[in-house]
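Look for subunit A in each of the two complexes below; its partner is subunit B in the first and subunit C in the second.
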Partner chain A sequence: MLIEVLLSGVTLGGMYALVAMGLTLQYGVARIMNLSYGELLIAAAFAAMSFYGGFALNPLLGLLVVPLMAFVLSYAIYRYLMLPLVRRAPTRDALEVDSILATFGLLFVIQGVMLAIFGGAYYSYSYLAVPLKFLGATVAANRLLALVLAVVIGLGLYLGLTRTRLGTAVRAVAVDPVAAQLVAIDVRTASALAFALGGALVAAAGVLVSMFLTFNANLGVVFTLKALVVVIMGGVGNLLGALIAGLILGLVENSVAVFVDPGLTLAATYAIFLLVLLVRPQGLLGRSGR
Partner chain B sequence: MYRRMSLLAALAAGLLAAPSLAQDKVKIGYAISKTGPNAGGASITQIPNYEMWVKDVNAKGGLMIGGKRVPVEVIEYDDRSNSEEAVRAVERLVTQDKVDFLFPPWGTGLNLAVGPVFNKYGYPQLTFSAVTDRAPELAKRWPNSFWLLGTSAQYVDALVSVMKKLRDEGKISANVAMISIADGFGIDLSNAARKGFEAAGFKLAYDKSYPIGTQDLSPLLGEAARSGADSFVAFSYPPDTLALTEQAKVASYAPKLMFLGVGVGFPMYPGRFGANAEGIMSLGGWSKDNASTQAYAKKHEEMFKRGPDRWGSQVGYSSLQMLEQAIEKVGKIDRPAIIKELQTGTFDTVLGKVKLVDNQMKDNFWLIGQWQDGFFVGVAPPRAGAANVVVPKPAWKP
Partner chain C sequence: MNARDLLLLVAAAIALAVIAAVPFLVGDYGISLGINIVSYTVLATAWSLFSGPTRYVSLATVAFFGIGAYTTAVCIELVPWPVVLLIAAGIGMVVAALVGLSTLRLSGVYFVIFSLGLAELIRQLVTWFEVNKTRTLGRYVFSDITPSMIYWQLLTLAVMVFAAGILINRSRLGLALRAIGDDETVARHSGIDTTRAKIALFVLSTVFMTLTGAIMAPRWTYIDPAIAFNPVISFTVLIMALLGGVHRLYGPLLGVVPLALLFEYLLARFPNHFSIMVGLVFIVIVYFIPRGVVGLIERVTTRKPA
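Showing the complex of A and B:
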């Protein structure tokens, strides 16, 4: 039973982490507080479902195609919608406020397009809903895949950011965009890249989530909120932090559901969130100060 | 300046007086959740019925009023799943758009919220997506309101009597595992069920509620399985209903009796689970031998590329037919007379002949159904055509 709780908690946490990683890049590096984040996730879920239903495109292939599309789309969003804001913002705080307002509008645009195409009804399909035995406990293959991908992407991007030249440049932008310019880093390109990469990540999360969750055009905000909690808890801009925070949340939720009461999972989530904010306001792996 | 003002006033007065003379269209307005958390339910059970009815009526040339056909015109607002927004929109429909009739919003909460507005202006309110135990009391307080989908006690009584019979036949044990969503529907039904099960001698081996938006229900299923209960009852919302089915299948959790909440009757449910839907029970149900509901389902599929919800949809379309027949019988836009006709008249609907008792339906539709051979057939209450419940639920197929 303990193993069952651990396993289901870790897979749920992996999904949370996966959902949050894109936001931590977009918010931490590009400094865009993207409120339309969850809508993009749902759009990716719809895309995966349409490809699967319409062209019999395997969702695993969708996992390659849809994030690529999201990368291009997010790059375009940054280039044409966000860059004017970046140019005119006097400070980073001002940019955050502007980006919140702009992406709040974008939220309704994406949601409106989805409502026009798919209506408000629920959708779902089944893929890889096969049981896997693991130390006597059972887990669904599609949920396990979300966890594996979260760990691979989390560690991969973490290594990419810490071990490569481009990654170092991106981190430098996250820490101090002005000083980064002084050492000949193209801040705008690095930010655009981070934003687009964030878009690709959330699309990957959307494709995976669509395999096991029922969704409709209005569900985006649920994921934005969850991602925000994970991002703040893990430390803004820190992928490893998002991974750890996501796993903690998943484990706590499912242990509380089994050992205490399923009605208290939300309370437990926010209690942990509050605790982290009180003890480490910068997040678990976040750097203090700006 | 003064002259222009008085001219305008005269014009306005003329406009206000004019419509009563020549009714060249019937204006119908509704506010419904096109966005927000209610949109999922509204766009499966309710909006298609409105669109289908309007199309059907206008295809005939309109409503027969005073010996001639008058086409129907629709004004629609999005209440964004927000009760204040719904109240505002309904007020606006009455006072500014001056609609002749209103259709109700989706869900128990919003129907209760707009109830006073419908009542204040004297518009008939035929709700078919609201389940509340206060229905009898509300029908007395607001005689213009009709509560067609029943009360939670009705559903629970029907479910408990089905299960009691199975237990007395020795097919299931007296232990029940119950979970419910911590929201209006789940709270109402689980409260009623707790009383009902206890009174019938059942024991709740597991009884928990979970918050809305829970994304992993496997811990609850695990606990329900460990409780050793033969019956699993969940008062769940559509996303959870689908997740519960899938996660139960993955975990090979196969209780002898499996009852799930809203969504089992949705067209997507058998589409997604195929043969694994077999034996799953839920609210609602269809008659196998009713040609008019079959024709309704076929028309629904042709128009929307998906079937109706096997719980509320047919009740919904019937309510619109009742309103239509009441208007035509009265023969003019006389809302008090139409309300009176709805209270006392007999109507010909897809469900068959309907006569309301205290503004509610009595035995006109199924409360509990079960998927059997790919058909969500009604099993309770014991009316003509009720199928026998199949237990144990067939094993999950890979």
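Showing the complex of A and C:
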């Protein structure tokens, strides 16, 4: 029992970590507070389901196709919707307010499109829903697969950002966009790349989530909120922090769902959020309070 | 008070008398449209009371509106109507103070994030409570309150929110808030207790939202958490306030009237694509009219553009 709770908590936490890593790229590097972020996750889940149901496209192949589409879409969003705001904003705070408003509008557009196509019902599909014995506990194969894939993607991203030149440039922008320009880093390109990469990550998480959870068109905002809480808990712009905080949130939430009541998971999220705000607003691994 | 103020006051009184007479002049549809416009006027003005000067975007309007509506649904058959309103205002104030105390001492982004999920949190808590403790999901609101009475109550509330806005603008609190909006660090260094000012204003602004919800509840006769905490309400209020312009007290009113009519039309014409349309309208406003209708008017009327 305990191992099962732990395992499904870690799986959920892995998803949150992946989603939060993408958001920390968008907010920490591109400085865009994207409230429509979770909608992309749900859109990706719907896309994976439609590909699987319509073209019998394996979700694992969907995991290649859907994030690529999200990458292109997010790049376009940054280039055509966000860049005018970046140019217009006199200060970072002004950009934050503008991006919050613009993406809040985008949230309702994307959600509206999904509602028009799929309605408000809950969806799920059955892929690899076979029980496996693992460490003496029974888990569904799709959950285990999702966890493994999340670890692979997260690790790949981490290595890409810490071991490559381009990744270092992106991280430099997160630390200080002005100083990054002084060492010949193209901040605009790095920001666009980070924003698009964030979109691809959340779409990958959407495909993985769709393999083992039910979802509906209204759930996006909850994922956005959880991603934001994880990002703040881990420290804005900090990938390792996002990973740890995501796992913590997944474990806590799953424990609350199992041992207390599934209707109180969001309350658990808010309780953690409150705790972070009161005790350590700069995040677990954040360096300086803003 | 000088001659110009007196003239404005007389004009406002006449306008108010005309608006108050509306239920005698129009049919049921007219009254329901009137309720719609007046309720959104209160919500949007109350929203910009806080978010205008501080520039903290609150996405939690419907959290407080829903608290008010639910309080009415639970209490209306137990206690007299004025007591219902007092209870609603009290609960709204406590929730607002808790939100304010935990987020408003930090930077604005924490507040935005907290407000983003607040309505959903309260909706889930209410749902959880109703399912597990009272074993009912959804309540009937029976009362002898007529639509005209709702209209007049909302109108009273609208007058109160405008009066509050004028009084705040002329008080030390108003000056403090404008300083915070310009530069919070400077404001703090000139000896303003910024946290206290922000919390005070946030609580005040949400009381009006809570009361609007409480007054509106008898309109529906049946409410459940999904109706009371519908996120589209937060969104609509935000759009209306921004279209009008949040840096003037009368700004949101200029956004409410055209958009309430437009949404009425869109909802009747495209019921399934409503949120797409509203989202697009909103994006257009953010990109092309960032300072609202008031900003446009001011640019035309002042000879030297800022």
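Operating definition for what follows: the second predicted complex is superposed on the first by the 257 of 290 C-alpha atoms of A that agree within 3 Å, B and C clash if a C-alpha of one lies under 4 Å from a C-alpha of the other, contacts with A are read in each partner's own complex, and residues count from 1 in each chain.
We take it that a residue touches a chain if its C-beta (ideal position, glycine included) is under 8 Å from a C-beta of that chain, and two chains touch if they have at least 3 such contacts.
Treat the numbers as computed from the prediction; the structure is a model and nothing was measured.
> Quick one: classify A:D98 as touching subunit B (first), subunit C (second), both or neither.
second
> In the superposed arrangement, does A:F212 touch subunit B (first), subunit C (second), both or neither?
It touches subunit B, and subunit C stays clear.
> Now for A:L278: first (subunit B), second (subunit C), both, or neither, which partner does it touch?
The second partner, subunit C, only.
> Could you tell me if A:A56 is touching subunit B, subunit C, both of them or neither one (first, second, both, neither)?
In the superposition, A:A56 contacts neither subunit B nor subunit C.
> Given the touch rule stated above, what does A:V113 touch, subunit B (first), subunit C (second), both, or neither?
second
> Quick check on the superposed pair: does A:A121 touch subunit B, subunit C, both, or neither? Answer first, second, both or neither.
The answer is first: A:A121 touches subunit B but not subunit C.
> Can A:V183 be said to touch subunit B (first), subunit C (second), both, or neither?
So A:V183 meets neither subunit B nor subunit C here.
> Look at A:M33 in the shared chain and tell me whether it touches subunit B only, subunit C only, both, or neither; answer first, second, both or neither.
second
> Tell me which partner A:M1 touches in the superposition: subunit B (first), subunit C (second), both or neither.
The answer is first: A:M1 touches subunit B but not subunit C.
> Could you tell me which stretches of subunit A are touched by subunit B in one complex and by subunit C in the other?
111, 115, 222, 261, 263, 266
> Sort out for me which residues of subunit A touch subunit C in the complex.
33, 35, 81, 84, 88, 93, 96-98, 100-102, 104-113, 115-116, 221-222, 224-225, 228-229, 232, 261, 263-264, 266-267, 269-270, 273-274, 277-278, 281, 290
> So in the complex, the part of subunit B that touches subunit A is made up of which residues?
33-37, 39-40, 42-44, 179, 182, 208-211, 213-216, 218-220, 222-223, 226, 238-239, 242-243, 246-247, 249-252, 263, 266, 268, 272-273, 306, 398
> Residue numbers of subunit C touching subunit A in their complex, please.
Going by the criterion above, the answer is residues 55, 57, 59, 102-103, 106-110, 112-114, 116-117, 120-121, 124-125, 127-128, 131-132, 231-232, 235, 238, 242, 272-280, 282-283, 286-287, 290.
> In their shared complex, at which residues does subunit A touch subunit B?
Within the complex, subunit A contacts subunit B at residues 1, 4-5, 8, 11-12, 15, 111, 115, 119-126, 129-131, 138-140, 143, 212-218, 222, 250, 253-254, 257-258, 261-263, 265-266.
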